[in-house]
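Letters A, B, C and D mark the chains as written, and numbering starts fresh at 1 in each.
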Amino acid sequence: MRCDGFLFFDFMQKLQVTLWNEFIHEKEKPEVAKIYPNGIHGAWIDALRGVPELELTTATLEQPDHGLGNGVLENTDVLLWWGHAGHDRVRDDIVAKVHQRVLAGMGIVVLHSGHYSKIFKKLMGTTCALSWREAGERERVWVVNPAHPIASGIEGCIELEQSEMYGEPFGIPEPDELVFVSWFQGGEVFRGGACWRRGNGKVFYFSPGHESYPIYHHPSIQRVIRNAVQWARPDTLIPAFTGNCPVEKARERVVSRGPSVH
Amino acid sequence: MRCDGFLFFDFMQKLQVTLWNEFIHEKEKPEVAKIYPNGIHGAWIDALRGVPELELTTATLEQPDHGLGNGVLENTDVLLWWGHAGHDRVRDDIVAKVHQRVLAGMGIVVLHSGHYSKIFKKLMGTTCALSWREAGERERVWVVNPAHPIASGIEGCIELEQSEMYGEPFGIPEPDELVFVSWFQGGEVFRGGACWRRGNGKVFYFSPGHESYPIYHHPSIQRVIRNAVQWARPDTLIPAFTGNCPVEKARERVVSRGPSVH
Amino acid sequence: MRCDGFLFFDFMQKLQVTLWNEFIHEKEKPEVAKIYPNGIHGAWIDALRGVPELELTTATLEQPDHGLGNGVLENTDVLLWWGHAGHDRVRDDIVAKVHQRVLAGMGIVVLHSGHYSKIFKKLMGTTCALSWREAGERERVWVVNPAHPIASGIEGCIELEQSEMYGEPFGIPEPDELVFVSWFQGGEVFRGGACWRRGNGKVFYFSPGHESYPIYHHPSIQRVIRNAVQWARPDTLIPAFTGNCPVEKARERVVSRGPSVH
Amino acid sequence: MRCDGFLFFDFMQKLQVTLWNEFIHEKEKPEVAKIYPNGIHGAWIDALRGVPELELTTATLEQPDHGLGNGVLENTDVLLWWGHAGHDRVRDDIVAKVHQRVLAGMGIVVLHSGHYSKIFKKLMGTTCALSWREAGERERVWVVNPAHPIASGIEGCIELEQSEMYGEPFGIPEPDELVFVSWFQGGEVFRGGACWRRGNGKVFYFSPGHESYPIYHHPSIQRVIRNAVQWARPDTLIPAFTGNCPVEKARERVVSRGPSVH
């Protein structure tokens, strides 16, 4: 589907959003379950429910094909991804399919500890490593690009009373657009909101969201997620043609000459 | 080794350059052997031999560990890579080691059909696909960034009387710096000289260099390769520290509070 | 006006688009008048007329305040700009106002010889110089970023049977996103479709459009202009707050200490 | 002078570095004079004196042509710039000359309150505005790009016990490379070390350096300045050729056809 301008795409069809959460901590740790009784993805549903043009699906690690089979992935326009304890249990063939789908145009929003997921590392090509400390300290998520659609509605910074520290250096390629930079009480900074394009697909990484704190219930964090899903929508979902261009189809006439090993 | 400024690094030790060529066509096709009797890497040696601060090593697909074992990779500062027919025969564990070495700081110069190598795709995170036509047509490699060190000594464009066409769209992330754009007789253009940083390492892709034409003997192409090797030299080869920062070592005093699942 | 997400902005109010053309050649040269009887901006109106959410205004050099006074500029969301013979006659104070409006969020689409306008050079900070030749030669405008919304609906390349050559090196900062690269019959290439963000505003430069050829009547060129106007729409039009943050309003309590010269 | 590779340039001639300081506060405020008895530029001389390949010149606002006439600018390879109270007193024609020299290849290192200088705003094309607070609070300058030559020798972060707060949003174009991000005790963050290329010249902005604190005497800050000067050295100082390419000199033969208004 190649869309004829933004507006047609927006209104003639719903945006299919799949919320992928490994869903381990919430089932194993009562203190996490208390914060996220419907799973971390449950809080995302709260964030996105009110947006009329979205159609939401959830998927988790333990489901067959991690919930991404049976055409779910092929029909997904934007995918959210949260993982932590189960990164290694995500099947490589599923990761390869998600990767192909992003390159074809699907948007992906990678959240918090998802920085170390197979799919994020595959898209970035780098270590995606960082420094971290879990002390329930204060975090301020500053907007550094106030005109960016993902920062829409956020003035100055988001204050999180308790958060896990993620610190620099963060092993990512230079972002195409840096939207948020975090401040931590213990003295660190972090490029916690960053955008890249990979193939036809848009990638947004957003660092807040530790399982031990109610961060995904924070209205401003929910706003960022809502913005990010809308920003990540595909502009096109047709892969670009590439391949051999036969000599007789060259746009300027060329006569084949010289050696060839093909 | 963390170097104290550029100059110390330049002169106190030689830059270790490893030239990796799959070395298949030259052995199987007499017409290629005629152009590159010492292999494609032989032409690179001609290009680099005169630079006093370089120490050159060659490595090929058929060697044990593809010629990158026994400490060769660990002692390489800049790696050149050309492959075509044998991409799939490059072992995944060797690719993973090359990848780690780039992220630690080794420069890599990927040439022509190396765009489809496992290592380049792993560094880019994209398809790296392109359009192509083998008709021995004319190519002009235009400098679009005349101040870039890799374009040093190249005025306007490099004319190649016979070349393989590589055309857009090229499935790469937006380059950090675009240095060359090619024009083809048959009507296409191609972003054929582009730079990225991945981790501590620098990556340069340069498209000219088909095995059927004597492109690597062209003095200006040799100049670009010489420039690229010098540009790709590591500024540092120590991986950045990341990992857990214990609460008691935070730079500002923080008192741990709140739940934790660790 | 800070908009709450994309969709509200799109539909609750029209996008105010101002088409600025110096409008000299069309009045002085019969051969230009024949191609653009309603001015070059007349052809843009044809391109944009069908889009229901746009409200179009035209402005020209000879009008008082170049047609940008009386609140026109303050109510413009996206500005198109074409100039050539009259660059120097554009008043500096008007340029300064356009500049401020872009930094506040207004999009600007700079066309063809507008590369040498005061406003484009002020936004870029560079020479914006290029090579050129007027020989009515063939141009192909290749899509290098097929997923970009400005390339929506354009497959492969746009063929222009007669065009003015614009060639590299083009004196611009590295584009944030490169969308089109042109091929010319005479042997040159040109980065003719490029995006930047400056302040809150989006900037798109598009090179096709010489006054001597009917390029702005070409359906695909009109499609690009239509796409560009929609892409350049403001996400926000409130300038970001900056200024002094008094000590007593710091988010973490700080006690002023040490010398100060203020 | 177009240099044949890095090494020739490095050693065959000295790098001409001009240190420009408006030099007002040090003369008017005893508390500043106590910290910088030889001017702020005196501390930079301390930082750079030990580097054998540099030749240092100083220039100040009150000198004729601000100390940049008589061939000083034309012979400068890298310019440092600090201004604050006297931005408006810098003559526009001198700013235009500095701008041209950067575009031709001269490196420029803009320090602290220089963010609001005419030359920096002209190079960036944006407001260059920021938030600020003078409370002598703690700053940590974190390395976010550990492999960048300007960060060479800096591990983790630089701690400044007393500094002026500079906060986001900072009105700059997206940096080509972000090297440092600052943390402030009062709760803010700032992209305080950033690189751009403009024309042939390299631009580095570095935020630490308030006149009321001895920041330029800090060994790590001096190290960054030393690194920045070496990084900013020109790779070429010949402006790129642009201009008209006559039809008869086109690289592919073209026959002029169609109308022309020239």
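Note that in this section contacts are C-beta pairs under 8 Å (C-beta built on N, C-alpha and C of every residue); 3 or more make two chains touch, one makes a residue touch a chain.
All of these numbers come straight from a predicted model, not from anything done at the bench.
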Recurring contact interface, reference B-C, options A-D, B-D or A-B [over half identical by residue number]: A-D
Of all other chains, the one whose Cα centre sits farthest from chain D: A
Separation of chain A from chain C, taking each centre as the mean of its C-alpha atoms, in whole Å: 30
Intercentroid distance (Cα basis), chain D paired with chain C, Å: 29
Where chain A and chain D are represented by their mean Cα positions, the distance between them in whole Å: 36
Junction residues of chain B - those touching two or more other chains: 140, 145-146, 157, 167, 169, 174, 176-177, 185, 187-188, 197, 199, 240-241, 251-252
Sites on chain A touched by chain D in the complex: 140, 142-146, 157, 167-170, 174, 176-178, 181-184, 187-189, 191
Contact set on chain B toward chain D in their complex: 2-7, 10, 51, 53, 105, 138, 140, 145-149, 152-153, 155-157, 159, 176-177, 185, 197, 199-201, 226-227, 230, 234-236, 238, 240-241, 251-252
Of all residues in chain A, those that touch chain B in their complex: 25, 29, 31-32, 103, 122-127, 129-137, 162, 165, 167, 169, 171, 173-174, 176, 185-188, 196-199, 211-213, 240-247, 250-252, 254-262
